[in-house]
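Shown next, in structure tokens, is the structure this report addresses.
Labels run A, B, C and D following the written order; every chain starts at residue 1.
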Amino acid sequence: MEPLNPLFLEMREFCGIVGAVSKKGKDVSELLYKSLFTLQHRGQESAGIVTFGESGFNTHRGFGQVKDVFSKDILKELTGHIGIGHTRYSTFGDYRNVNNIQPLFVSSREGFMAVAHNGTLTNYDELRAELEENGYVFHSSTDSEIFLYLFLISEGNNPEEKFKEIMKKVKGAYSLLFLINDRLYFLRDPWGFRPLVFGESEDYFVVASETAALKQAGINVYEEVQPGDVGIYEGHNLKIFNVGKVLKKEQCVFELIYFSRPDSIIFGENVYRFRKECGERLAMREKREIDIVMPVPDSGIPASVGYSKALGKPLEFGLMRSHFTGRSFIEPSERDKKVRMKLIPIQEALYGMRIALIDDSLVRGTTSREIVKLLRENGAKEVHLRFASPPIVAPCFFGIDIPTVEELMASSVKLRDLEEVLDADSVQYLPLKVLKDILGQRSEEFCFSCFSGLYNPETVGEGILSRFKGYHPRILDEV
Amino acid sequence: MEPLNPLFLEMREFCGIVGAVSKKGKDVSELLYKSLFTLQHRGQESAGIVTFGESGFNTHRGFGQVKDVFSKDILKELTGHIGIGHTRYSTFGDYRNVNNIQPLFVSSREGFMAVAHNGTLTNYDELRAELEENGYVFHSSTDSEIFLYLFLISEGNNPEEKFKEIMKKVKGAYSLLFLINDRLYFLRDPWGFRPLVFGESEDYFVVASETAALKQAGINVYEEVQPGDVGIYEGHNLKIFNVGKVLKKEQCVFELIYFSRPDSIIFGENVYRFRKECGERLAMREKREIDIVMPVPDSGIPASVGYSKALGKPLEFGLMRSHFTGRSFIEPSERDKKVRMKLIPIQEALYGMRIALIDDSLVRGTTSREIVKLLRENGAKEVHLRFASPPIVAPCFFGIDIPTVEELMASSVKLRDLEEVLDADSVQYLPLKVLKDILGQRSEEFCFSCFSGLYNPETVGEGILSRFKGYHPRILDEV
Amino acid sequence: MEPLNPLFLEMREFCGIVGAVSKKGKDVSELLYKSLFTLQHRGQESAGIVTFGESGFNTHRGFGQVKDVFSKDILKELTGHIGIGHTRYSTFGDYRNVNNIQPLFVSSREGFMAVAHNGTLTNYDELRAELEENGYVFHSSTDSEIFLYLFLISEGNNPEEKFKEIMKKVKGAYSLLFLINDRLYFLRDPWGFRPLVFGESEDYFVVASETAALKQAGINVYEEVQPGDVGIYEGHNLKIFNVGKVLKKEQCVFELIYFSRPDSIIFGENVYRFRKECGERLAMREKREIDIVMPVPDSGIPASVGYSKALGKPLEFGLMRSHFTGRSFIEPSERDKKVRMKLIPIQEALYGMRIALIDDSLVRGTTSREIVKLLRENGAKEVHLRFASPPIVAPCFFGIDIPTVEELMASSVKLRDLEEVLDADSVQYLPLKVLKDILGQRSEEFCFSCFSGLYNPETVGEGILSRFKGYHPRILDEV
Amino acid sequence: MEPLNPLFLEMREFCGIVGAVSKKGKDVSELLYKSLFTLQHRGQESAGIVTFGESGFNTHRGFGQVKDVFSKDILKELTGHIGIGHTRYSTFGDYRNVNNIQPLFVSSREGFMAVAHNGTLTNYDELRAELEENGYVFHSSTDSEIFLYLFLISEGNNPEEKFKEIMKKVKGAYSLLFLINDRLYFLRDPWGFRPLVFGESEDYFVVASETAALKQAGINVYEEVQPGDVGIYEGHNLKIFNVGKVLKKEQCVFELIYFSRPDSIIFGENVYRFRKECGERLAMREKREIDIVMPVPDSGIPASVGYSKALGKPLEFGLMRSHFTGRSFIEPSERDKKVRMKLIPIQEALYGMRIALIDDSLVRGTTSREIVKLLRENGAKEVHLRFASPPIVAPCFFGIDIPTVEELMASSVKLRDLEEVLDADSVQYLPLKVLKDILGQRSEEFCFSCFSGLYNPETVGEGILSRFKGYHPRILDEV
């Protein structure tokens, strides 16, 4: 299983989406705002809301966090009983271009259309070329725009047929909200890469990336949009059709490991419980003598709780998180110092200790290396890095931005050299086998490509491969 | 010729456009910035620049004045030896929508395309409906987007043919810049409503709305883009084709009267001289005893110079302009106070005087009324309003935003009642006949519709008429 | 011990101060900036730096967090090898007044003087009245200004004598930095209310509120400024004098309980260890059946670690902290929703559980009440509130802002009613006796007034009492 | 009368002040805001308002123009029926220091005191040293602070006596507003350097730098505060005392020439008329053949009106002012381009012409030189510079910032070389004799020091001289 390359990714991409309809004709902008706030961890680069009501459509979009993009006055102007919202960290596309801020919206022969999208298409380039050939032009470099045009050129007789046609053409990950005049459509790719759930209260129908957003809206009972399903909320009726069938689901396991909020239920799995169990299973494999268990806050906390419990070793907080970080102008050139301004080592808790330091995953490695250094400076006797997921050894084509294959290869490190590279006394991670074991039979329904380098050929388009020239993913028949 | 409605317009619309190519491969962003600055009087609502070079295209656009939208750092990032810029005051369209900030730019089967537009189409609705029927979607509510799609659906074999086809379809006013990859196209509608000039120095080829922008770029010799002409600047070659023929030119006389900078030469006319002559001709018709001549600064100055000279009465500056206005938060609800914060009456200059107050044109009238009041308060003995153009009695379909016909009708005032409405001792204006006389034979090539209510049927589409339901313009055969 | 009033305070006041001298003549602005950043938890309302060097003094101050007040360019302009910095949350004084942003600085017969202050004087009113009587005027409403004038009117022959005189006059809490031309003075009140430490590296001499700031500056060995001590750093020499003697030290125990950073050593006590031990002692008193231990993040974490360990019950993170809070415009009117946007309940972790919820202290109670509600909504079976310090029953005169006695009284609740008020299944806290026991013999050197209502008469001026008319603190002889 | 140095000054300093009392107990903040707006030409660097009412004092101050410093919400919070305001361009003092923004305000034994000041003290250094010796400290580097302390240390039994004492001690220029609790004091130095006027309507009592501000407040009848007078507005009563007597008034003639608004009446002179007459007298001395008269807009307009009339030559506007200047980031390094972005040459008006270009005064000369260049480039046949005041040959000690004597001397140019330096066909200015002649007998009451180099010894302190070491002003007995 070598050479490996566990150090190449900055996994902070993805988007959060939410759609809402007020059953009583009230404005939905505040609900959308709060939901986006709840989904803020899925992207802090830009945010937008589009609403539709009697006075037509209203919109506001901008760069920055949800709280900075919107103000009370702006929300008031966003009248309309139906709307969609988006918060984004670009997977690709020129981030400075205002055209790329979602939701996208257009006027067409169908009337007003807006779209909010979470995911990444793997045959974007082919589809775009084809659409451009048909005369379509692209105002943005987000792949969301593709869906608008596919819908319009579809020969289907009704939305159901149109979306069926779209699902046949499109490869890759997408959870999608469509607003067409006063109808809300939502769909999830047939493989189910990204989460999408919906639910309703007496007052509202809401569809969102995570259950946490529904809960924020006062909706505790939810349903998952099944892979390949299309939902239509029109008038006061909800209809669901399954229009996309595939051999095998490919739900992104990284949603459980890192992306989603710990209070969400993603793909039917409770995120907190999942992470805790990963920690427990990691503990079962522990062979070193450990004095204390320490999480890298906050993402490593759930796993550390499980690990501590399973190992019977006390949890300590030898690293605390400073609440005053944000974008300091001293940051850019000195990543290590960023770690030092963000994490506070508590000498008292860790001095002279043999520490199991629990993190959710091993991505770039630079942060881990710096933390080890910090702990040693503060008197740690031994630092044992424990990652509650397998190492990442291959690119993700479905949402994670990997600049170039060169970069990927350059950072490649053999696993057995990890201890040296990270300067840790030992490094352990959760083997893929164990990760699958935790998911049990359901593991068949997940995508582990970034851990395995194996890809489901159904899901990989030519377009994405052309971006990874020189990289030859193993696309096995037997996946 | 009654009833009339001279009071309905806020004529501050229009746009400024500029395109530039560096012959020596240098960046054009700074030249575009300075040119937009020079064209700032043509629109202060938003500004944008798109450049194209070896590293692809770059863009920055935003709401506000040119100096606020751009910074030194941003200009530096806008690399590229070719580019176009735009400064805008919306004629119609939702002004808060970032999608409406020009230049628009898209990716298409032709490659990268950007467009900057000055003008208003009168068959926008029909063209848009037709394009939407063909599956096109509209991301903006600017009519510039129309041109992109017309170009793409055109069956012409080359740009020349395509633009010829476009000119056949489109009605209304448009001076247009197209950037398609590294080629710069520019065209002017067959009637020549809006100005467009070009010229070149050793270093640059520049095309812009006004000669003032060329001059700022160090180009003193210019040529007019002729109505119906298409220019292509590609490599280091310029080609010009005439692709649009019409019976009669319709150059906007209001460009001379108000819009353009006094140092520009517009439609071959020197703006300053034209306005001065308007003042002289106005003076020749003076029947009242006048002590002093006073301009409404600054737009009334050139006419007042001519008026003073012709009448042999001294020019006084009884109204001076405050340089500290801008958007004060006390403004909105109190227009009269805005006048009072903007204009400073000099009691010494005007006390006891019989004043001829020279303004460029009579539009809404509210400003005039307030100025008369201000002068009387400061001891003016008599205030004689003199407008250096005819009264506006009909809507402009080619660039001036008239919200509704109702509003237009409501503000309708009979000319003989003007003195009473404006509380002036007398009101005079330049008769249309005299205005035409000043232009001489060339007057045939101008549009006077807002003064006459007569429209060239060639130029008026159904779309624009539908926006003026209840208004029946006299479209005469003999125009 | 009734009536009590545990619910009245928002304990978020205090300030952070830092002074630095470069031994090698380099600029200290960046060191001061980073140190203030480290002390940011002590106040986020305003920040300022004053430096002094060959080109005289430089200063920049503003409202907001350290990272927002300063920029790279500003730091560069703050040249000088010596300087002081301040970060502040106002204890009293008009917060909008720019004059109140510290460091204060003036020109006087002594030359340039700047002062940064952490603490609250209890005889401010008397001292100010006296100084005003002498003709002094007050530009700010911070009590820091008092020190400037007392220094100037002092009849002492040298700084040592002057500060001795000042210490005799001033009552209350103060840790203070003085910059007089190129000399740095620092002093701590004779009771030692607020912390102040110093240390030096090869390059710098630094004095700061907390050891964390020294550590950030690369200084791991520190010394405490003893109560009543004055330090002078001049040239390359440090001299320390003791000029203030008192019967009994009064170090603020709340610094240990809440204010200080967990990695600091305050009054010789390791903050993290102290909080952990408070949790342990709290656990020893536990009489209820508990399933899981949960901290209120992040301030309750150290106590929860101790509590969990001592009780042998697992630590769970049923409440996680959202990193995307900040000042949202929905906040102000709805405190409860603020809690809900800030804290994320993890249903999975807490459903059906009997929870010991560990918080550092019981202040206003509104937050606790809302958290209990939140946990119950998410399925908690029982919620047992455990506070790792005694209830606050009396005002603090030494730094905590208590608006009026009326407010204090109105919020008064008998301890036995707390369960009902907070809707908890049980409420326990650390008895004062136990808290003292943890400190052992050193407890004699601490102030517990907010827990006891007993005040050291030496420390309480008339001025502060006049602000609490109707409140009669028990000032016992035997304290 | 050589060597001369006409090129050294950027005369843009000075301040505007206003005080107001509502007779009917209403808030004065909006009136103060509007008045400051009217006085904006006297300083754009910072602005501030202090009000006093039943709820005590309120204040807001900041850097920038009046419209940017204040908002509607802020004005609302500035409750109080009495207040003072200030707009400033620093004469000296660190401009970045927030402490320097006026009005200054303090608390003292007299209660609340605020002060707003227009002018410059010439014995500031001596007074400050003396006050520092007395223990006073200076929070700002504005000389306004001096007045606060002089008032407090005064042994006078009442304000009248105190101000009398102050006037004896202070040398230099000052028009001053004092707010002491609910009493408004205003005074003008015995020489009357700076203007100060007051008046009242049914609703308000207002005192301000210029009559224009009174007029804005609806007050058309005004009175001048006489040199050496102190006014007290208390309750509903106004009392005026004369407490300062001098041999000779020294009203600043530059207020008439440049600083004041043309609609103001300053020192009893109508500014517009005065400037116009300067132009007329300049014309009488014309020996060259002139085709057209052109003002440098806007400050040269009044003189050009008079010049044109007297010479019988037509006024043309060959230079128009762009309204879109402001602070562009391209400005700083390229002054000449600034002129080019600010002034628009109208080729049509000036081509082939022999031009008399009228400016108010000859200060730095760089602007004049650039304008000449611009006119020649646009085809001017001859450019004759005509300045409607004498050349500046000596420093002003009473409000104009002259960095160093070295700079002053370095820029020294002999008058007969001016044509060459400025590249003009001829240069003429208004001789001092003629300027005095215009003022007639009243000329005795004016200060012409910057034109003559002669100073009234009564007005010049040692402090100011120390700032001009190496410069020996001719202080003649016979002045």
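Following the convention adopted for this analysis, contacts are C-beta pairs under 8 Å (C-beta built on N, C-alpha and C of every residue); 3 or more make two chains touch, one makes a residue touch a chain.
This one's a predicted model, so the numbers in the text were calculated from it and none came from an experiment.
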Chain A and chain C, separation of their C-alpha mean positions in angstrom: 40
Averaged-CA centre spacing for the pair chain D and chain C, given as whole angstrom: 49
Cα-centroid distance, chain A relative to chain D, in whole angstrom: 62
Multi-partner residues of chain A (each touching 2 or more other chains): none
Graph class of chain-chain contacts, one of line, ring, star, complete, other: ring
Chain pairs that touch, as defined at the top of this document: A-B, A-C, B-D, C-D
Complex contact set, residues of chain A against chain C: 30, 33-34, 37, 40-41, 44, 65-67, 71-72, 212, 216, 261-263, 270-273, 276, 298, 301-302, 305, 308-309, 314-317, 320-324, 326-330, 341, 344-349
In the complex, chain C residues that touch chain D: 59-61, 96-99, 101, 104-109, 113, 128, 132-139, 141, 148-149, 152-153
